[in-house]
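Two complexes follow with chain A in common, the first pairing it with chain B and the second with chain C.
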Partner chain A sequence: MAAARGLFLSRPSFIGKTILGFTRGLSEALVSEKFARRSGFLQSLDPRVRLVGVLALVIAAVACRKLQGVAALFLVASFIALLSSLDLWSLAKRVWIAVLIFTGLIALPAVFITPGAVLWTSPALGISISAPGVYSAAILILRVETAATLTATLVLCTPWIQILKALRSLSLPAEVVTMLTMTHRYLFLLMETAKQMFESRESRAVGVLSGPDRRRMVGQTAGVLFSKSMELSQDVYLSMVSRGFHGDVYLLHECRLASRDYAVLLLFLATGFVAVWMGR
Partner chain B sequence: MADIFEVDNVSFDYEGIPALRDFSLQIQQGERIALLGANGSGKSTLLRILDALYFPVKGAVRFFGRELTERQIRDDSFSLDFRKRVALVFQNPDVQLFNPTVFDEVAYGPLQLQWSKADLVRQVEETLSSMSLLHLRDRTPYRLSGGEKKRVALASVLILDPDVLLLDEPTAMLDPKSQSLVVDLIQQWKGSTKTVVTATHQLEIVEDIADRVVVMDGGAILASGTPHDILANADLLLRANLAHAHRHSHGSVVHSHPHRHGHTHDHDSHEQE
Partner chain C sequence: MHIPDGYLSPSTCATLYAFSAAGWYSALRRTKRAFATRTIPLISVFAAFSFVVMMFNIPLPGGTTGHALGVTVAAIVLGPWASALAVSLALAIQALLFGDGGITTLGANCFNMAIVGSFVAYGVYRLIASGAEISSKRRITAAAVAGYVSINVCALLTAIEFGIQPAFFHDASGAPLYAPYPLRVAIPAMMIGHLTFAGLAEAVISAGMVSYLLRSDSRLISVPNHSSPDLAPGTVQTRAGWGRPLWWAVGLLLLCTPLGILAAGTAWGEWSAGDLANGHARAQISVASGNHEPPALIPPGLQKLASLWTAPFPGYAPGFIKSPFLGYLLSGMFAVGLFVMTSLIAMSIGRKWRRREASS
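Let's look at the complex of A and B:
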């Protein structure tokens, strides 16, 4: 990442920005592996308990109709993140700010158009902010923040293969799990390939590309990447067949639930239930 | 020794572009064969046909007398036995590394072949240790260097301890130390019952890894013989694009001769141009 940034000390070109984007994507994946290896609350649980527990809390956040209930769930989600060795600043950078901006934009019209008690009126524009509008915008934003915090914590604290194993043990078809495994693996390989293609272009490019040239270059790169991905996927399949793959997935470590896992799962489900019941 | 593979008049093409033309070859148990040829000579295609991943459009390939066909390989009991006995290391390690960790990668083959899990962990650890990969066991394969990827790809196949090992450019992308590790491995199988077919264009390793060399060009056999005879035939190597004419001077004397890397040559007999 630092090396890639070092390449573009002056104003980065279009290609430079693209390379930085790919490098960031790869770095993000490495950071999540780092969190997954730390010891913490979620990391200590069986992956199935993590998945079901987090899913229960997400459903509760969506089903809860009162701001206090969703706020309580948001605090629970943040507490789980802290217990799982995530720091709140990195969570804010990764999740909270982005969610606030995007959900805020979606929720913004509701502040003005929802009928009800007026909180403030703009004398210049003649538009009013209503109390129910602010309430519904706040509850929407908080809901999305809670769900995003929970899922981000789950993904950051759980290696991808454990998520896949949990999905498989929850009866997701073997073909789907295999497809997800391959997608995850080749997403990075293709990202790396695309990065190298852009780097090679950058090393031969002089000056700034015009708009049409940029679009042409992106189109060509996408085409070549598509051809490469077709070839790669065929070769990957052949290499799997060569090592005995014939449609079934065999896993080395079968998940076993301990009594602590059952207790935490109950706690997750109870928390979700209480939040929904309080927020009726 | 019995014939393990019998390649009989095989032709294969990629959507009309010929890769093998009327190719015939017998491979005996315990043989170490080097398929020598420039890029595009058909070496990789032949290895995939031997591994029953591709099937010839003409001719036949037999494994212990049984013809390898798509129908035959779809039979689970035959397929399981064949995959246990024959293994291929791909040229591009990236296509072979699709598991989340190095450990899972090496364990993949045994799991597919339904080894007992108690045995499996120990075997994986041993294989990683023998390939100096133990320190990488929990690393993600896509984060490894090119040489490390190649070693993991090799380990993922060596753990199966197959009777027939098909190696596609096994020393390409490797640093000298890793290269010698691979060459030493193949050397130690000399005289054993293990059959090793190696596709390569690296002439400097041929004498160490093979007892018989098959030179390929344009999907056909150009020559076959002992490593010593093949490597001594400069004209043949030139024709197969495995050597090039090297022009240089010694003081005022300028001359050219077929040149390949990794070997010395005698200047006394060269003629002045």
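Let's look at the complex of A and C:
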């Protein structure tokens, strides 16, 4: 990824930006595998407990109507991340700063335009900051930070295949789970293919392409990828049929809950319930 | 347009999950019926394709770049149901694996982009490309317009979902608890970016892909190819028309017309300047508005614009008929007759257009 970034460091073209995006996507998946292999609190739990527990906390963060309740859940989320061998700096880099910038930008005007008791008025600009506006922006940012921290912790500490197994155990149809598995599998293949197509196009480029030519080139690349996807789906289907596939999907279940899993699940649910009850 | 967790209230999320669940169930059934055992590999690979296309940086006029959804071409080639499934899967992986879009808002994101996006793209494409020759440039235009319209409809839905939050979900002091901007702010804020950049990005990628496919494998987009069980890529199959069910639905609605007569009270927000001056109508407006009195004076803007156009059948009651019941029925029949006549004229023009294109 560093090499890819180096290539386009000066002023990345749209091709460079796309290649960087693919490289970043591919490396993100590897980083997730690295965290998932570490030993930690979430990693030691049954995937179903992780999924249901974290989901319960995310729902609680969304349902909680008081800033104090959301703030308490944010602390719980950060604590879970720390216990799961995630360092706060990587969490800040990955989640907190990005969310703060994105949601902060969205929430900022609310501070000025939400009607209500005025906290401060700028004499020079004549604009006022209202108390409901500040509260609204604060609760939105904190809620999004909490939900994003929880989701990132779950995703980083759980291999994709375990998330899928947990989803299947929670009665998601086998076809959907299989499709998610296969999508994940071919996603990286197509990402790699698209990246190579853009790299080869960039390496052959001499001079500067005009705007219409650039758009035509992206359209053609997407079209070629589309044709490749069509062929790939046909090949995958034929290989499935040749291995005896008749349309029915069977998945293996290996998960078994231990008493510790039950206790932690209860703790997750109780925390979520208390937060919602406090913040009702 | 990927709504993160925390921007929508739990009840909005639950409602949109319910809408999406109904869409997914129906889409899975119809896709399995159409593609049989090919469903799983086909949808999976297309979901992966949609995901990858969303990562493309698309050069736009003015030197900037944007991202597209890729929903239009999926809807054109696979049909709206299969496209809705494929794009939903791509969105689910984005949310679960890459944290792009929330888990609680996944239903909303899938409803806006995968389900509504697919159907709008498919409908607009069919409307414009209907009857076009396989090599016709109209197909490229149709794909571009379909992409542009579908993205903007998705954005509008997202803006509405954001915009209703402060009205319904606020604390005692009036501070919004979720997305903080009302509709009058959320809609323009969302639409400006989509009408200018994001819509263009989808139009560019859709037109580019359709243009490429027309030259390389035009059978893929000649007819929506989502109705045959063991369809090899490119096999052309026609599907049953929707004209007859539509006419049945119109007939059924026509039979239901008298139900309107049973409705009591006033239609909220449809008041005329005359209603605001009439004591009985004012009482009804007050009841319908939760006992809020309407303004004492008729708003000057309303009074000024009210005289711009006088309807031939005001209040569904032509002046020359004494009985309101009969007047209502006649108004309904007249309106349906007008719609039927307009549709027949449009269909006749469309047929002539297709014939002329086929002969040239």
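By our rule, the second predicted complex is superposed on the first by the 262 of 280 C-alpha atoms of A that agree within 3 Å, B and C clash if a C-alpha of one lies under 4 Å from a C-alpha of the other, contacts with A are read in each partner's own complex, and residues count from 1 in each chain.
Just so it is clear, a residue touches a chain if its C-beta (ideal position, glycine included) is under 8 Å from a C-beta of that chain, and two chains touch if they have at least 3 such contacts.
Nothing here was measured: the structure is a model prediction, and the numbers come from that model.
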Check chain A with both chain B and chain C modelled on it and let me know: fit or clash. fit
Quick check on the superposed pair: does A:Val241 touch chain B, chain C, both, or neither? Answer first, second, both or neither. both
If we overlay the two complexes on their shared chain A, which of chain B and chain C does A:Arg260 touch? Say first, second, both or neither. neither
Should A:Val62 be classified as contacting the first partner (chain B), the second (chain C), both, or neither? second
Tell me which partner touches more residues of chain A in the superposed arrangement, chain B or chain C. C
Once the two structures are placed together by chain A, how many degrees is the angle at chain A between chain B and chain C, based on Cα centres and rounded to a multiple of 10? 90
Considering only touches as defined above, state whether A:Pro159 meets chain B (first), chain C (second), both or neither. first
Looking at A:Lys34 after the superposition, I want to know if it touches chain B, chain C, both of them or none. Which is it: first, second, both, neither? neither
Between chain B and chain C, whom does A:Arg215 touch in the aligned arrangement: first, second, both, or neither? second
For A:Ile139, decide between first (touching chain B), second (touching chain C), both and neither. second
After the two structures are laid over each other on chain A, how near do the C-alpha atoms of chain B and chain C get, in Å? 7
Pick out the shared contact residues on chain A: the ones touching chain B in one complex and chain C in the other. 160, 181-182, 185-186, 189, 232, 236, 240-241, 245-246
Using the touch rule from the top, collect the residues of chain A that touch chain B in their complex. 30, 33, 159-161, 181-182, 185-186, 188-189, 192, 232, 235-236, 238-246, 250-252
What part of chain A is in contact with chain C in the complex they form? 14-15, 17-18, 21-22, 25, 28-29, 32, 55, 58-59, 61-63, 65, 95, 99, 102-103, 107, 109-110, 113-117, 131-133, 135-137, 139-140, 143-144, 146-148, 151-152, 155, 160, 163, 173, 175-176, 178-187, 189-191, 194, 211, 214-216, 218-227, 229-234, 236-237, 240-241, 245-247, 249
Can you check the complex and tell me which residues of chain B touch chain A? 48, 51, 53, 76, 79-80, 83-84, 87-88, 90, 92, 94-96, 98-101, 104, 107-109, 111-114, 117, 120-121, 140, 142-143, 156-157, 160
Touch list for chain C against partner chain A, complex: 4-10, 13, 28, 32, 36-49, 51-53, 55-61, 63, 65, 70, 73, 77, 85, 89-90, 92-93, 95-99, 102-104, 170-171, 173-181, 185, 204-205, 207-209, 211-213, 216-217, 220, 232-233
